[in-house]
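Both complexes shown next keep chain A, but they swap its partner, so chain B is in the first and chain C is in the second.
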Partner chain A sequence: MNDFVSTYGFLFVSMILGAMLGLSLYLPLMAGQLSLASPGFYALGGYVAAILSTKVFQVKEPFPIALLLLEMLIAGIICGLLGVIVGVPALRLRGIYLAIATIAFVEILRVLALNLDVTGGAVGIFGIPQPFQSPIEYLWIVLPLLLISMAFVYRLEKIRVGRAFIAIREDELAADSMGINPTYYKALAFTLGAILAGVVGAISAHFLNTWNARQGTFDASIIYLTFVLIGGSRTFLGPVLGGMVFTALPEILRAIADTPGLPVWLAQFLRDGRLIIFGLLIVIGTRFFPQGLVTPQLLKRRSRSQANR
Partner chain B sequence: MPQPQLADSISNLDRTPVLEARGLTRRFGGLIAVNNVSFSVNEGEIFGLIGPNGAGKTTLFNLVTGLIHPSNGQMLYQGDEISKLRPHQIAKKGIARTFQNIRLFADLSALENVMIAQHIHTKSGVFTGVLGLPPAPREEQKTRSRAFELLELVGLSDRADEKASNFPYGDQRRLEIARALALEPSVLLLDEPAAGMNPNEKQQLSDFIRQIRQQFNLTILLIEHHVPLVMGLCDRIAVLNFGQLIAIGNPADVKSDQAVIEAYLGTD
Partner chain C sequence: MREVYYVVNQLLGCPPAANYPLDFMTLTLRSTLFMIFALLSACQSSTTNSSQSTGGVSGAIPIGIAVAQTSNVALLGQEQVAGAKIAEKYFNDNGGVNGTPIRLVFQDTAGDEAGAINAFQTLITKDKVVGIVGPTLSQQAFGADPIADRAKVPVLAPSNTAKGIPQIGNFIARVSAPVAVVAPNAVKAALKINPQIKRVAVLFAQNDAFSKSETETFQQTVKDQNLELVTVQKFQTTDTDFQTQATSTLNLKPDLVIISGLAADGGNLVRQLRELGYKGLIIGGNGLNTSNVFSVCKALCDGVLIAQAYSPEQTGGVNKAFREAYQTQFKKEPPQFSAQAFTAVQVYVEALKAVDKQTKVAQKSLPELRAALNQTLLKGQYESPIGTISFTPEGEIVQKEFYVAQIKMDASGNNGKFAFLK
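And now, the complex of A and B:
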């Protein structure tokens, strides 16, 4: 058991982080906005934590949990503010144009991170202090965080604000005519996603021990998109399960590639062709499962009206 | 073109206009969809808007509800200019509508459709909502029971949890009316509410429209192609042709208007 945990502890935490990143993309999607900005806010949140913990706080290891939580809070606030600043103009764009604009945003942050001194340039920031002895202990932070975010989105889908999001997703013009301000609610959904991505970034910076410009890239945008599109874009469980499964998938593929007797090219493809496989899954998945694998129908929503008669 | 407006405004002198269009014009490129249209609608009226296809009726509705903005002219609601407002701001002022090509939230249940439209009458935000703090729970309860009442009114409460897209056409139109009523409007715009209904359903709809006017103190604007329904239901009728207002007045006068007969009603 101990062996298992030490081997897979890193993977478990990564899977939970993946689930939350899926949720961060799902939030704007609730309001019908295909935003790929999450990796940008994730990277920013990570830099906030990396800079604070290596340059500002200057404490001995183990890094205090309270400071870690403070960093997550600060990262969330900064990403939330930037989310509003970026979201309000960007959300004037629709559909694929918004997606492209958010990719541009991610690229801008990446280039900035590569070239600024404070982010450590191309090398990044090393030796981010550890609050825990081993990777698996990060579960103490990330598991409650995942449960809170899941509960948050679960509740959101059932309340006034969530209904406004969903109305905009279903028909923005009709929602507008029903008194819902689309600009406000789109920006709100986008900002909630930005905050979550930023908080996840902050904890990830510690978890990965080092943070650099490879953290927020176009590749990551596509991977997070896979979480949601294949996992399911109509219920929060979709991105959560998608994020977990697809974070684990490269490991699973690697294990399959190690089975003896496989042709060399196939083993190679399974090991290194992760993005190709994700791309194929997006194409095939959206063709055959337009709402993803986990759909509300699948979950057989309980009748909502019973209680009110 | 002279605008035959005088006669009818005299008969309604005792009422105040709820809606007023002043020289309303909308161009789409070279096409003038609505051309210098002026009229006013009085409180409590059922006001019909008829005309051949492409006459600019729906464009006029879109101008009233802010989906598009006029190229020239003004739209006034209770004396305030609303031509520059966005749709949600106009909805908040008390003007609700249905759509010619039904725009329900197709994937959501009938109940959710009507709950969504109570947005402006509730206040709870992200945190009060998620944490279930006041006023969220009470609002939620109220929103839900109000939605049921409205579904009951249009006769759909037994299918409240069904997806809107599963309803037959006529029921979808009724659901759209329930959704519009959830805004608690003072003006209701119905864009071809009887389209696709059989004569029997049309008669029921006619009665229903009168009933809701009474019950909710509504002023109703109505686009409809079915002439007998319009003539029987409306207090006044405006006729549009190629974007221009060619007649306005009570049904009997409009029916015998020479220009209207030539443009729209046709000669027997």
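And now, the complex of A and C:
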């Protein structure tokens, strides 16, 4: 059991980080905005933590957890401010045009990171101090954070602001005529997603030991979008489940490939063709579960059938 | 539907529940599909653990190889796999570690940091290797090496050339000479060919970690040799059009152009410089150190100088055996990445031999063996395909032989080779 935890400790934490990144993309999607900017804020949050912990706070290992929380706060604030600055003009665009604009934003941040001295160019920042002895201990930070953000989004879906998001998603014109200010709520949803992505980035920088410009790229945008689309884009449980499953899948396939007794060719295919299987599952998922794996109807029917019993 | 549900429950060992409402069933089915994956992996990993958790190493000695077998770095990773496999066969045929064979365990790191960390974790706790060879990229090393260092598992980097790798920790060493040592040789060779060189232009791919650190070395060397650095131009590895960089470089009339990039972009840049009429010498960085550039710049590749950490013509006995094995399998000269991976495995085997002479490897517990291996390997001296090597106490390689090769293309421009300069 101990070995199991130390082998997969890193994976458990990655899964929870994946779930939160899914949520950060889900927040703007709640207001109907297809934004792919999350990886940009994730990268920015990571750089904030990496620079603060290697250049500003000169402390010995283990890195104090209080400072880690402080970094998460600072990263969240910076990403939130940038979210407002970027969000207000960018959210005048809709649909695919917004997606393109946010991709451009991610690209700009990446090129900036490559050219600035403080971000270490292409090599990035390394030797980021560790607050914990082993990866599994990061659960102390990420698990509460996931629960808080899930509770937050769950409540958000119930209150006035969340209802406004959903109204805009279903029909922006109708929502506007009902007295909902679409620009305000769209920018709010976008900023909330940005803050969450920034905070996750700050943890990830410590968690990965190193941070560089390859962290927030266009590829990452697509993977996070997969989390949400396959997981389910109509309820917050979808991205959480999607983020966990799709972060774990390549490693699970690796573990299955190592099962003793498998024919060599099958093990070889599972090992080298991991990413092919991954892609196939995405195609199959979108074909058979177009609304994602977790849909509101599913949850509703379940609670109804239990009530009837 | 019901049958599937029943079978799934049977698999998971749950009691059959035929009277559940259908809706609840569909929900359960969806989540069970995922649970099966998770349980499968959990079950199998716990079985392997229980069989191996006691005592040290019995049977063949496992050595981990964590390189990029998939993703966009796989071109390099596959060469490393080839080198390591040849080493496994060669050393086992020659008696292994005083009679005990070695066994290489491959785990794919893919091209990112998380992949490298996962591969390292699996090798350390599940495969229980005595040491690790990897990862392919320096950026991945900055992510994964601290994990191995904290677990006190030796790591030998076969291809990490960035500054600061051995400094990550006591258990980290490398057999790949840092750029700061290899790159200056090419500039010296260029000066030997044309002593009149005065004006130097430097171009580099700014989004590639290796090219970024390599160009800093090149620029320093240019200054140390009292040459005039007329311009520094940046490009991206994904670029295909280099007219801007090429024209502004040519306007400054350089006698020497130094390019740090990867095969596709570097090759294109060489071609466009030549097409715009540049006649002087060109030095390519290590990213161009592959036969893949031949198809990019064709006949215009001719004459590009590249510094090498390995030459197939190295005269040692081990290299002869390695080169022969590689040539019979792949019908071409072994590349530097394969030679370095071979060397890394060799260092482990010879250090294990030295450890085994004092106390039998099978009698040591795994943590003891890993610590002893790390200490011993840093002290030794190795006759490897890349020449005689040893390590500094920090884990940095001390390599004596470096080479400079010049690309020679045949008349058709389709085939070429690296001709090693004396």
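One rule holds for everything that comes next: the second predicted complex is superposed on the first by the 266 of 309 C-alpha atoms of A that agree within 3 Å, B and C clash if a C-alpha of one lies under 4 Å from a C-alpha of the other, contacts with A are read in each partner's own complex, and residues count from 1 in each chain.
FYI, contacts are C-beta pairs under 8 Å (C-beta built on N, C-alpha and C of every residue); 3 or more make two chains touch, one makes a residue touch a chain.
Note that the structure is predicted; figures quoted are calculated from it, not measured.
Asks: Of the partners chain B and chain C, which touch A:177 in the superposed model: first, second, both, neither?
Replies: After superposing on A, A:177 lies in contact with chain B but is clear of chain C.
Asks: Could you figure out whether chain B or chain C reaches more residues of chain A?
Replies: The larger set of chain A residues in touch belongs to C.
Asks: Regarding the shared-chain residue A:161, is it in contact with chain B (first), chain C (second), both, or neither?
Replies: After superposing on A, A:161 lies in contact with chain B but is clear of chain C.
Asks: Just to be sure I read the superposition right, which of the two partners does A:255 touch: chain B = first, chain C = second, or both, or neither?
Replies: second
Asks: Regarding the shared-chain residue A:188, is it in contact with chain B (first), chain C (second), both, or neither?
Replies: first
Asks: Does chain B (first) or chain C (second) touch A:124, or do both, or does neither?
Replies: Touch partner of A:124: chain C, not chain B.
Asks: So, does A:275 touch the first partner chain B, the second partner chain C, both, or neither?
Replies: Second partner only.
Asks: After superposition on the shared chain, which partner residues are touched by A:213: those of chain B (first), chain C (second), both, or neither?
Replies: second
Asks: What is the shared patch of chain A, the residues that chain B and chain C both contact?
Replies: In chain A, positions 305, 309 sit in both the chain B and chain C interfaces.
Asks: Which residues of chain C touch chain A in their complex?
Replies: Interface residues on chain C, with respect to chain A: 21, 23-24, 26-27, 30, 34, 37-38, 40-42, 44-46, 48-49, 53, 69-71, 106-108, 110, 112-115, 117-118, 121-122, 124-126, 138-139, 142-144, 146-147, 150, 162, 164, 168, 206-209, 211-213.
Asks: What residues on chain A touch chain B, complex-wise?
Replies: Residue list for chain A touching chain B: 152, 155-156, 159-164, 166-167, 170-171, 173-182, 188, 192, 303-305, 308-309.
Asks: Which residues, counting only chain B, touch chain A once they are in their complex?
Replies: Touch residues, chain B against chain A: 65, 67, 86-88, 91-92, 96-97, 99, 103-109, 111-112, 115-117, 119-120, 122, 124-126, 129-132, 136, 139-141, 143-145, 148, 160-161, 179, 182-183.
Asks: For chain A, which residues are in contact with chain C within the complex?
Replies: Counting only chain A, the residues touching chain C are 1, 3-4, 6-11, 14, 114-115, 121-124, 126-127, 130, 133-135, 208-210, 212-214, 241, 245, 248-252, 254-256, 258-260, 271-272, 274-275, 293-294, 298, 301-302, 305-306, 309.
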